[in-house]
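Same chain, two partners: subunit A is paired with subunit B first, then with subunit C.
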Partner chain A sequence: MTDDSNGATAIAGPRVNLLSVVTIGFMAVFIIGVLVLLLTGLSYTDYQSIAEVLGSKPIRAAFRLSAVTSAATLGLVVVFAVPVGYALSRYRFPGHVVADTIVDLPIVLPPLVIGVSLLGFFKTPLGQFIESPRGLNLQFVYTTRGIILCQFLVSASYGIRAAKAAFDGVDRRLEDLALTLGCTRMQAFRKVALPLARNGIVAGAIMAWARAVGVFGPLMIFAGAVRMKTEVMPTTIFLELSIGRVEVAIAVAIAMLTMAAIALILIHSLAPGRRWWGV
Partner chain B sequence: MIKVDGLTFHAGGFRVREVSLDIAKGEYFVLLGPNGSGKTLLIKCLCGLIRSAAGSIVIDGEDVTHLKPRLRNIGYVPQDYRLFPHMDVARNVTFALRMHGMSHRHALEEIAPLVEMLRLRPLLDRSPIGLSGGEHQKVALARALALRPKLLLLDEPVSALDDPTRRDVCAELRRVQREFQIATIHVCHSFEEAVMVSDRAGVMFNGRLVQTGTVHTLLRQPSNETVARLLHVENIFSGRATHLDGGNSRIDFAGHRITISQRCEGDIRFVVRPELLRVSPQGAAGADCIQAELLRIDDLGSYARRELEAGVRIVAYTNPDTISRRFQMGRRYAVEFPPDAIHVLSE
Partner chain C sequence: MGNGKCFGHLAGCLLAVAIASSLCGCGKPADEAALRCYVGGTMRPAMQELIDIYEKETGQAIDLDYGDSGSCLVKIETTGKGDLYVAHDPFLNALNVKNLSRQGWAVAAVTPMIAVPKGNPKNIRGLEDLAREGTKLGLTDETYNTLGHILPVMFKKTAVQAKIEKNIRTRTRMGGEVANNVSLGHLDAAIVWNAVIHVRRDKLDAIPIENRFRPDSKVDVVTSPTFGEVDMSNIRVTIATLKCSKRPKAAAKFAEFVSSPRGRAVFAKHGFSPARSGQQAGTPLLLYCGAGIRPPAAEIIEAFNAETGVTVEVDYSGGGVLLSRMKLSGRGDLYMPGDVEYIEQAKELGMIASQKSACCFVPVILVQKGNPKGIKTLQDLTRPGIRLGRGNPDACAIGKNCERVFKKNKIDRDALRKNLVFQSVTVNELGVQIKTGQLDATIVWDAIAAYYSREAEAVAIPPEQNEISPVGIAVLSFSKNKELSRRFAAFVAGEKGKAIFRKHNYTIDIPR
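Let's look at the complex of A and B:
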């Protein structure tokens, strides 16, 4: 076995054997399936539609809003996922199992339910206090802030789950040892646990971001689909489809996929020793 | 000077009770005991990773019992070394100094003598992944010594190494420990390891420190049967002692009678040192001899182990060169029990 810089291992020895043929074969089938889907989509559009998408001010605004809100959501997810994942991994407290389960709930909830629940919450006295100019004066319903909140609630669980798994994989005795070498608990976390869990946290953040970019249902309910205001790329696709412009909707989807692919390659290549072409 | 007094603590369902121990500056103390006896827990409690329920730990006059691990100035080398895999060897070794505010460059200068002493220079840029067991051990030792601690705790530091490497590393540990003149507690369950490195040793059993002394004292005068069995002492017998005049006693066991130069009375357990037993065809005149049948001889390299049957199984060690020529299996021989070969167990 040989180690790469991520700590993952590559199997030494002859590359062509039953195991490699079977596993790489499955991978090829999956990748071909995704590519066929993309190419089929491409066949429904044309250069004119792509040019229209690139030149359309509202669509460019939706593109920009998707990039900004998903980046903000990514930041929020990391801010929450690291401490929550660490707490779930390291501490045992009454209600640990319940907390662990609740963290997973947004994954299994239909996203629409999150949108409906948010709308309901902001009708409660607490929600109204948050939005009211006499309270916190933080508007969420039908605002960019609302988009970020929806994206965060739908995607945070992925980040937290991955961060917990990453911290589970770090031997806590390394942190204990760091205490004997002059660290406080916080320093042991920063200098030992966090760097060792980094790859898992990054993987979780990628999943969370990918999920956030694609959020649609709860946004329609909670943030609406107001052109140039709360329209993000998934809502653009829906709006274009709803007026029968399939080729434009697909062109938007291709633009969205391209943005996602570039972002994913960038994030993957951030891992030490990795290059975008994957060697 | 390290003074541990009545240290008691719980870890999970296990309880370590009233451990008292004094270790002088520069003394190398080996803590022996079977798995699950509480040795590692005691080490963890000393370095502050487990809270004590009672008792005290005093290092050079300062009570550190309730101090956090980072404030105790204790170096700790855990059983599996636990080098930080995301740092190269240099950063591992300078870790403690950096955590105390020193820059990596200054820390490297600070540890230069330690690096030379442990011959770590060629390893400094390497990742811990791929180091050999011995190299791991040296890096972990250097990391623990970087802050010049007052007490060094080594938890089974050579248990993962092969025999030749173990001997080399034990010699290295002793050399470094002497150089630093640092009080050291070395946990292991190998008596041979204790012989190689220790000034003094202690035996833990079931959460208690049951006996301390030099390794020779432990081996020749185990305080009780538990210690004797832990140290693989052979020839543990039961008998009935009768006090005689002049400070001697007579022991009747398995139909035999021997005399010892100790005062004791009643039912006793005693050990007989196999290396002091003499086996001969006739036995010396006037000595306490037992007639026994020779069952087997094992040539163990530096000595031969003979097993004889005389109602009880008696083991004698002797020079391996002469054994096979002079002794025949199944024949009866005289086993001579010199009084100084016998030690009566106190409990």
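Let's look at the complex of A and C:
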């Protein structure tokens, strides 16, 4: 038995049977599909475009900004997902169903609508108060902070959903048992529930991060598409496509995928119990 | 539990990054000193080049925020942030309808063309070739795209509308998308703006659409509540300064740079058509102009338009007539009557914000070619048998001035009255009367005399006997475009204006 990152267990014993052939077959089809798509993308670009992408100052800045903002978003998502997921999983309160539903809403909402709504919000007195130098003086519209806010709103639901599912999967009685052994509620959460839910939370965080890196629609509206300032990688792709440089756009996408792959591998390898390079 | 610790560290790091970046520097508004310029459609490469030049020359930083014209409009409306907006028609109209623009300039135009893969493998030579069976055609959306809206008008003019429509494989929101599809080989042709093809010129060729299929000005005009009236035959690229701009002067300066001949040249380089001259963007200036100054005024207005893209509409009439018109309407921007006294009157009514002197009107005696009656002095006008003509003092500047000259030289009124056979409402008619031989002598401005130099002769009045009338140009106090009006006034009074006055034989400086 081998522990996997998701806490699942792999089957030991003979591997070739109807079930394994069917399931692995489906997996192969999907993976081949993704790879074909990637290779087609690669065929549209060329060495020169990739070199141009790596050498271009605005594109490098976009790359950096994507990395920084998505990392910040990931941090914020984790900060929110853990308590919100726990609360939704453990406590029953009036309006629980409503709260549970609202948490999921941003997933359904077209990202563009989130951008427009954010713009609208910062036009209201409360929004003005947040932005105005006489109020909180926290500018969001057309700033990096705005990018993080957009990414967070679009991706947080994935993290929360996953955290809730993870806590749901932790047997409540284990926490109660910890109480009988002298733990406080907080200690029971930290020492029992959180470690047991960790894998689910990590998986959710990865989903959220992936979503955050790819966010584009609301950014266009809320943070703008200003080179060197609020341009992230999806913006770059859009900008390049808008002037017909398909090969450069694809090259940027490949750079983005490389970044994502490295980050995913890093997260996977840091997650406990994961020996991802071997079985 | 080593891995667990790692995980904890990672989470800690992320949290630190999150807190640091959301609270510290990166929430700083994108450079307070930079102007924000929204750029829609295909204008980004040209505008980026202009911004780079401008930043280098003036040090004024400008943030180019790109998006489709519609979402830029949404951003302007909801954020109330930004200084400039570059779009093509009909979005400037939309901006005006929503009362968000301060001033607009037309800098270029876009023309629909057929985009085909490099080398034109399907040999498409015009609009009707798109009807050929099996041609894979891509167009832009009929409702959400300006060009998409115009296409049916052009197709209707061909004999093969139905066949063309059968060939349509896709309709996209933005022209760039169909153009990309052509360059990727999925389509044989697409109809997009010339500039859209130009940025892809290494992959696409542009085939012009025959003039007979293009929309007609005046005929193919649509009016909508959002966009106002749109002339499909001339889709202008415009730059506008925004009402919400906190630094309208700096914004206008950049807009003027963009609409200057240099800016227009950059647009031409990027494959745009030139802005049709005489085309206005935004609100034009209204000039009340004395009829006697018409030829140079018209030329100056043209020169001003070429330099700035700003249109000046003119109401030509006698100075007094114009004054009452201004009084009644309470609108307009500039006033240039033939006699400075009218400006004085307007000033008393509180209608003048500022004024500059433009040129001088020097009265001369105009006689028939060869001066058959031998008229040499003002006194000669009273000689019996001279058929004399003059301007009506109540209607036009020359009449007023004539009165002063006669008074100054104590010319016998009765004798004058006896000789007087014609009174005109504008100075121009007097020249015609001499030319046709109806009059022996009259008093007109030197420039008018020069205009008739083939058919008539001018006799100068000695400066000490003369009353030279300075012509001023005034900015009206109720003008809604004072800054731009002042610029026009300065242009008229400046070197370029003076050169045009001189060319039309107007006197610039009072002769001593």
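We take it that the second predicted complex is superposed on the first by the 268 of 279 C-alpha atoms of A that agree within 3 Å, B and C clash if a C-alpha of one lies under 4 Å from a C-alpha of the other, contacts with A are read in each partner's own complex, and residues count from 1 in each chain.
Everything below uses one rule, namely that contacts are C-beta pairs under 8 Å (C-beta built on N, C-alpha and C of every residue); 3 or more make two chains touch, one makes a residue touch a chain.
Everything numeric here is computed off the predicted structure, so don't read it as measured data.
Undergrad: In the superposed model built on subunit A, check whether subunit B and subunit C fit or clash.
TA: They fit: once the shared chain is superposed, the two partners occupy separate space.
Undergrad: Could you work out the angle between subunit B and subunit C as seen from subunit A, using CA centres and rounding to the nearest 10 degrees?
TA: That angle rounds to 150 degrees.
Undergrad: Output check: A:P195 vs subunit B and subunit C. Expected answer is one of first, second, both, neither. What do you get?
TA: The answer is both, since A:P195 touches subunit B and subunit C.
Undergrad: Given the touch rule stated above, what does A:S56 touch, subunit B (first), subunit C (second), both, or neither?
TA: It touches nothing on subunit B or subunit C.
Undergrad: Contacts for A:R173 in the overlay, against subunit B (first) and subunit C (second): which applies, first, second, both or neither?
TA: first
Undergrad: Once the shared chain is lined up, is A:Y142 touching subunit B (first), subunit C (second), both, or neither of them?
TA: second
Undergrad: Check whether subunit B or subunit C contacts more residues of subunit A in the superposed model.
TA: Counting residues of subunit A touched by each partner, the higher count goes to C.
Undergrad: Does subunit B (first) or subunit C (second) touch A:T184, or do both, or does neither?
TA: First partner only, subunit B.
Undergrad: Working from the superposed arrangement, determine the closest approach of subunit B to subunit C, counting only CA atoms, in whole Å.
TA: It comes out at 9 Å between the closest C-alpha atoms.
Undergrad: Could you give the residue numbers on subunit A that contact subunit B in one complex and subunit C in the other?
TA: 195
Undergrad: Which residues of subunit A touch subunit C once you look at their complex with the stated criterion?
TA: Within the complex, subunit A touches subunit C at residues 44, 68-69, 71-76, 78-79, 116, 119-120, 122-123, 138-145, 148, 195, 198, 202, 220-221, 224-227, 229-230, 239, 241-244, 246, 267, 270-274.
Undergrad: Would you tell me which residues of subunit B are touching subunit A in their complex?
TA: Residues 47-49, 68-70, 72, 74-76, 78, 82, 84-86, 95-96, 99-100, 129, 143-144, 147.
Undergrad: Would you pull the subunit C residues touching subunit A in the complex into a rising list?
TA: Residues in contact with subunit A: 1, 3-4, 6-7, 10-11, 13-22, 26-31, 36, 42, 44-45, 48, 63-67, 71, 74-75, 78-81, 174, 176, 179-180, 183-184, 196, 199-200, 203-204.
Undergrad: In the complex of these two chains, what residues of subunit A are touching subunit B?
TA: 3, 7, 171, 173-174, 176-184, 187, 191-192, 195-196
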